[in-house]
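Once you scroll down, you'll see the structures, which are given as structure tokens.
Paired with chain B in one complex and with chain C in the other, chain A is shared by the two complexes that follow.
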Partner chain A sequence: MLDSNVKELLIGIVGEGNVNDSSESRLAYSYDATPNFQSLPDAVVMPNSTEEVRKILKVCNDCQIPVVPRGSGTNLCAGTCPTEGGVVLVFNKMNRILEIDEENLTVTVQPGTITQEMIKAVEEKGLFYPPDPSSMKISTIGGNLNENSGGLRGLKYGVTRDYVLGIQVVLPNGNVFRTGGKLAKDVAGYDLTRLFVGSEGTLGVITEATLKLVPMPETKKTMLAIYDDIDAAAKTVSKIIANKVIPATLEFLDHPTLEVVEDFAKIGLPTYAEAVLLIEQDGALEVVERDMEKIMRICEEEHAISVDVAKSDEEAAALCTARRSALSALARMKPTTILEDATVPRSKVAQMVKAVNEIAGKYDVKICTFGHAGDGNLHPTCMTDVRDKDELKRVEKAFEEIFAKAIELGGTITGEHGVGEMKSPYLEWKLGREGIEAMRGLKAAFDPNGIMNPGKMFAKDSRKRVVVGV
Partner chain B sequence: MLDSNVKELLIGIVGEGNVNDSSESRLAYSYDATPNFQSLPDAVVMPNSTEEVRKILKVCNDCQIPVVPRGSGTNLCAGTCPTEGGVVLVFNKMNRILEIDEENLTVTVQPGTITQEMIKAVEEKGLFYPPDPSSMKISTIGGNLNENSGGLRGLKYGVTRDYVLGIQVVLPNGNVFRTGGKLAKDVAGYDLTRLFVGSEGTLGVITEATLKLVPMPETKKTMLAIYDDIDAAAKTVSKIIANKVIPATLEFLDHPTLEVVEDFAKIGLPTYAEAVLLIEQDGALEVVERDMEKIMRICEEEHAISVDVAKSDEEAAALCTARRSALSALARMKPTTILEDATVPRSKVAQMVKAVNEIAGKYDVKICTFGHAGDGNLHPTCMTDVRDKDELKRVEKAFEEIFAKAIELGGTITGEHGVGEMKSPYLEWKLGREGIEAMRGLKAAFDPNGIMNPGKMFAKDSRKRVVVGV
Partner chain C sequence: MSKTTMQQELKERLDYDELMNCMRCGFCLPSCPTYTQTDLNEPASPRGRIALMKGVVDGLIEPDEDFEKQLNLCLGCRACEPVCPSGVKYGHLLEEARDVLAQRKKYSLPVKVLRRVVFDELFPKKDRMRRLNGLIWAYQKSGLQGVTQKTGVLKVISRNLAEMESILPDIPSPKQMKNRPIEVRANGEVKKKVAFFSGCLMDTMFMKTNDASIELLQLAGCDVWIPETQNCCGALHAHSGEKEQAKRLAKRNIEAFEMEGVDYIISNAGGCGALLVEYDHLLKDEPEWKERSRKFVEKMKDISEVLVELEFHKKDLSLLPQTITYQDSCHLRNVMGTSGAPRQLLKAIKGVTYKEMKGADQCCGSAGVYNLVQQDMSMQILDDKMRHAKETEAQTIVTANPGCLLQMKLGVKRKGLDHKVKAVHIVDVLLEAVH
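And then the complex of A and B:
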């Protein structure tokens, strides 16, 4: 619980209604979308302005109270679990779209803005914000910034980081600064913008962001290619890119995922298939048509059983909605769903999918794989039950081996979900001891007292690698 | 001069032929392309490998000797002038293209690789590396990375930063780590990749980089729009973007630049015009044609005197070469050419160009303006003579006022040239005291002894602003 003096100080800053330390509220903010991580905060605080955030951070820094900035808590890395208690900062009161600038193609928002609401608002002006994390209906822009969220359109359009032109940041010492602006080019100083994007709330608090928009693509087409062989599907992915076609979306679903998603969405997905690719291209009509023809030919060359372009916008939307619902669909199967995002160079997708299946077999656990095959970002997903301690140990071992395999193939332990608490023990596998040391130095420079989202990114102990010679 | 023990240590690392402290060599590396900045280094050292760089940095860190990593020295911010002496690191021996990966669309290079040579090599495979700094014929990738170089295609394609997937870095303490990989998505830890890109050699040394490539655009068209009114040209720029057309290149040249460039290039540029826009679009043929028609209509609506699409590839190439030669052409006019790159939101280009002209008049100095109007990145260029101390003072005052105006309009003091020594006194105008403090903390975390390129980025004294209320 908060010291009563601290509580009074916080109430003095944000007002009585915006500091909540009831047990209900603390319980509600004790976890995020990540299974198996829970820890009670001491209080939930809702700032109304950057100035209030500044004052809160100063109090917490002086009193060495952890601060966990949180959006909607949809992250899958235990990134917003208040691991060491403290104050959860919630941005419900800082959720405004401040400006859509149609001349400079930018939108300026507060961190609490819901991603999809912002996307809708800019689309009404014929503009397009490409990053589309699957959780975008409820996720916030602040959460997207802290996690550098990806999405289905990452292959062609990049991720959140690629659309951030400038931010306002509050540091633990109460310093406030702005980076960038409505500028396509700006090299005035270190790239603090991108340093804070993806820093998982461990360096400071982003209180405002100016994001880049692009013109809305003229048209979009959606295609489903069906395979009776996982390898063939994965090879198609590499071959499309090697043929210099970059689709907007290039998603992979394996057989078990397909079955579960169809059971959930009931849109007639081919549950007999070993794998499907869901492919979208957007842009000018002629280009989209030509690209889709090329892609179709490649799918056929790689022995797809069938390749069909969606006949209507409704059919296309149904396919995408089904894909986006994969996590929800899988989550219905067993009490606990652990979704990972080991990522590899796209030329290694086939090898990685095969390895995941072998590892699942070895440890006798159920893992489905789907994900953004076009950018090598796979989501091996395990259906389990946290109460089954024995199985959970095997699940953990399986994921360790999956991470090791991803690194071995030139990949990474997380493509878009972040490190958080969950993957912190594995980060050293990717960055090495000297990389972690560099990160620790950087963290200490911004947050010397370690109040910002402690327990995340940096592990207390690194895991020993389970695979030799990786 | 280097202490003889240190010299022996360095020779022991790189071999006798790769440590040069002759006065000729020291003189040759005492300056870069920036006028009015010169300082002798103690020695020039050419490493052959990352391991050698690691050992050099350890020696220099232990002995507190400045290290200045340098490519071809084409930067315009005194970014590679050895301001405090020390060792200039030259990468002539680390200039190999290590791999072009056609499946993952990446190229991996050593820092000494000449930009244009790499571009040619990837183009032979039908691939495209968009960043095209005007100096690319002689600049190195290492220099481009350190400065986060831009270019003519920045508007549509972004800058160097947007194409860096992973780097290998050596820190002053001798630690070495790799970031990223051949990965479209990677959120494992802080974005050290982009922190080092654009850090101007002040944090460590980049010894390898994996860069993203894109498919080569199918076709390209070039257009010249002529105006008898600067305002009309600038308005055209905003209107094209606001109409949701993003050209690959959208360059502006004012009347004095035009005269000088024509005198140099002799390709029949309209020297009677007050301003021209050089516009290129690339992509699929149908899209390029449609975009060019749209752009032409907008130019006409905004009262261009004439709008002409280049009739042949040769004509198009001649126009672009002329634009790229602007700096060389201007440099012939007077003994000293100072080229700046104040950058503003593109909606403010007209205001900025007008302000530059007013400021030039006020201080009675000759300033031409050209640049990447599409991304608001202007290059006001002053022709002067460093020996004329009185004029030089007025030039300095004029540029101070130009920087202040850029900031006032929501812009920045440097869009693509970097801060270096030259613009370090103005950096606080953009980032504020608290932003600079954050940067200093970060610098100290990586380079506690301050050996990496000292005198750059951080000014001994910040300039007072010349404009009140900015």
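And then the complex of A and C:
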């Protein structure tokens, strides 16, 4: 529980109604979307302004109380689970779109803004914000920035990081500063914008962000390529890229994922298929048509059973919405779904898909795979039950081997979900001891007392690297 | 009851697999009216409430006053269910938890007596429902209503009660309520044989709407039976923590409708239909009722679905030129899965410009007795709803459930729009359009 003096101080800053330490509130902010992680914070605090955040951080820094900035709690790496207690900072009172600048093509927002609401607002002005994490209807921009979220359009447009021009940051010592600005070019000093994007709330608190917008693409086409062989689908992915076509979206879903998604969405997905590719291209009409023809030809060469272009915008939207529900729909099958996002170079997607299936067989666990195949970013998802301790051990072994394989192929342990607490034991596999040391140095420079989201990113103990056996 | 025994009981009654089935992705959050109305307060969301229930079961928190308040703040609209990719049956968890809380709650004596009268003596018994409505009829006809409204005596008791009283429909006379049809024949060729669920409130206060429903079914080509021994569906009971009584009512209804050769059992109230269509779940612990409830449930349909199936929308339907908007009944949409058919029927009427209201799929705040027990939240939601309704510039707001209908009337009145906007049940609109 929060010390009563500290509580009084916090109430003095944000007002009585914005500090809550009832068991109801503490429980409701004890989790995010990561299975098997839950821990009650000491209090939930809802600041109204940057100034209030500054004062809160100062109090917490002086009293060495952990601070966990949280958006809508949809992350998948236990990034906002307050595993060491402390204060959860909630930004539902700092949720305004401050400005849409049509001359500089930027939008400036507070961290609590819901991603989709911002996207809608800029689209009304004919502008486009490409990062589209599957949770965008729920997630906040603050959450997206801290996790450096990806999405379905990452292949052509990149991820959140590529659209952040400047931020306002509060450090634990109470210092407030701005980085970047509405600038296409800016090399004044270290690129702190990029450092904070994806820092998972471990360095400071982002209280404002200016994001880059692009003109709305003229047109968009969506197609579904159906395969009765999972390898053929995976090979198509590498071949499309090798043919110098970069679609906006190139998603992969395997057979079991298709089944559960169809069970939920009921839009007539081909549940008989072994795998499908969901492909989207946007841009000028003639370019889109030319690219789609080329992609269609490649799919057919790689033995797709059929390739269909969506007939209407509604049909296209339904396909993408269905894809976004994949993870949660998989939860229909078993009580617990544990998903990873091992990522490999695009050319290695087919090898990775094959390895995942072999590893699942080896450990006798059920793994479904879907994901942003065009990005080399797969989401192997394991259907299990946390109550089955024996199986859980095997699941962990399987995932360790998947990580190791990804790294062996020149990939990484996480493409877009973040390290959080969940993957922290494996960070060293990717970075090496020296890499971790460099990162720890950075962390200490910004947050010497270690109050910012403790327990995340850096593990107390790193896992011993497994030797890949497949 | 001590907190530990309450905890124990919740542990026994709540389906742990269902609690685990929520993987906390948060896809439900934007659909939840109370989450939106509370500035995105996590405990007031479906994900939050499930976590609270699981937290109690796991022993992480106690079932304290906050816990109970939070469960009571839920409208029970179940908008979170169709958007849940994992398919969590939130409504079932809520109902079970509320039942435990209600059974263990120490109500004050007057409340206890009132609950017994309403739940055991009034709604389950048709003749008493008629008698009560008869009293309201007398009240309306005798001029007493005028006096009450002028003096504002009800406002002293409760602002909402006063407002509710003023929007009650004209109650049919006791004689009319007694002479209900039992069986009517199709007009022309018989396409379907159906049984009609008349309900308690619908067959008294909204009797004209029931009559309209039966007439529409005849026009669509249905032979219609209205079993005499049927009774209240039990929804009010099930949602208020009176599950045992709800089960008794369900069994009587299943018996009443066990007749050969009936294609469908039809309801015209989303609130009733949603419970009727879940009788199999309600009686899941009673194996001897498994088959009987399954048969009943399989035949359950909302009237709008059957009318579309029988191509009623292809008939010559017309009304004076007007804009119409449709407010979904939550339980019709989220539990019975009916949302397209009513819209299709309304769009088929010549002279009607159909305009979809923003957030038509979100609860209006009526939610059974929610608008009486959670006035502030209910009115907050209703005022938002009316703002969206006004944006459509519709002269007619159509609904498919009596609770929603009264709430719409209340909303129209609150906004001071009573002279230019009316709220009606869909079957009344259709009957007017076909004549």
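Basically, the second predicted complex is superposed on the first by the 467 of 470 C-alpha atoms of A that agree within 3 Å, B and C clash if a C-alpha of one lies under 4 Å from a C-alpha of the other, contacts with A are read in each partner's own complex, and residues count from 1 in each chain.
The rule is simple: a residue touches a chain if its C-beta (ideal position, glycine included) is under 8 Å from a C-beta of that chain, and two chains touch if they have at least 3 such contacts.
Note that the coordinates shown come from a computational prediction; the quantities given were computed from them, not determined experimentally.
Undergrad: More residues of chain A are touched by which chain, chain B or chain C?
TA: Looking at chain B versus chain C, the one contacting more residues of chain A is B.
Undergrad: With both complexes superposed on chain A, which partner does A:92 reach: first (chain B), second (chain C), both or neither?
TA: A:92 sits against chain C, while chain B stays out of touch.
Undergrad: In the overlay, answer first, second, both or neither for which of chain B and chain C A:199 touches.
TA: In the superposition, A:199 touches chain B alone.
Undergrad: Applying the document's definition of touch, where does A:5 land relative to chain B and chain C: first, second, both, or neither?
TA: After superposing on A, A:5 lies clear of both chain B and chain C.
Undergrad: Tell me which partner A:419 touches in the superposition: chain B (first), chain C (second), both or neither.
TA: The answer is first: A:419 touches chain B but not chain C.
Undergrad: Of the two partner chains, chain B (first) and chain C (second), which one does A:238 touch, if any: first, second, both, or neither?
TA: First partner only, chain B.
Undergrad: Would you sort A:336 into first (chain B), second (chain C), both or neither based on which partner it touches?
TA: second
Undergrad: For chain A, which residues lie in the overlap of the chain B contacts and the chain C contacts?
TA: none
Undergrad: Going by the contact rule at the top, pick out the chain A residues touching chain C in the complex.
TA: 22-33, 35, 38, 40, 72-74, 90, 92-93, 95, 114, 135, 137-138, 261, 263-264, 325-329, 331-332, 335-337, 385-386
Undergrad: Within the complex, which stretch of chain C touches chain A?
TA: For chain C paired with chain A, touching residues are 17, 20-21, 23-27, 29-30, 39-43, 45, 48, 51-52, 55, 60-62, 64, 66-67, 70, 84-87.
Undergrad: What part of chain B is in contact with chain A in the complex they form?
TA: Listed in rising order, the residues are 101-105, 126-127, 147-148, 150, 154-155, 158-159, 161-162, 169, 171, 175-192, 194-195, 197-199, 203, 214-216, 238, 241-242, 244-246, 283-284, 286-287, 290, 343-347, 372, 374-377, 410-419, 423, 427, 430-432, 434-439, 441-442, 444-446, 457.
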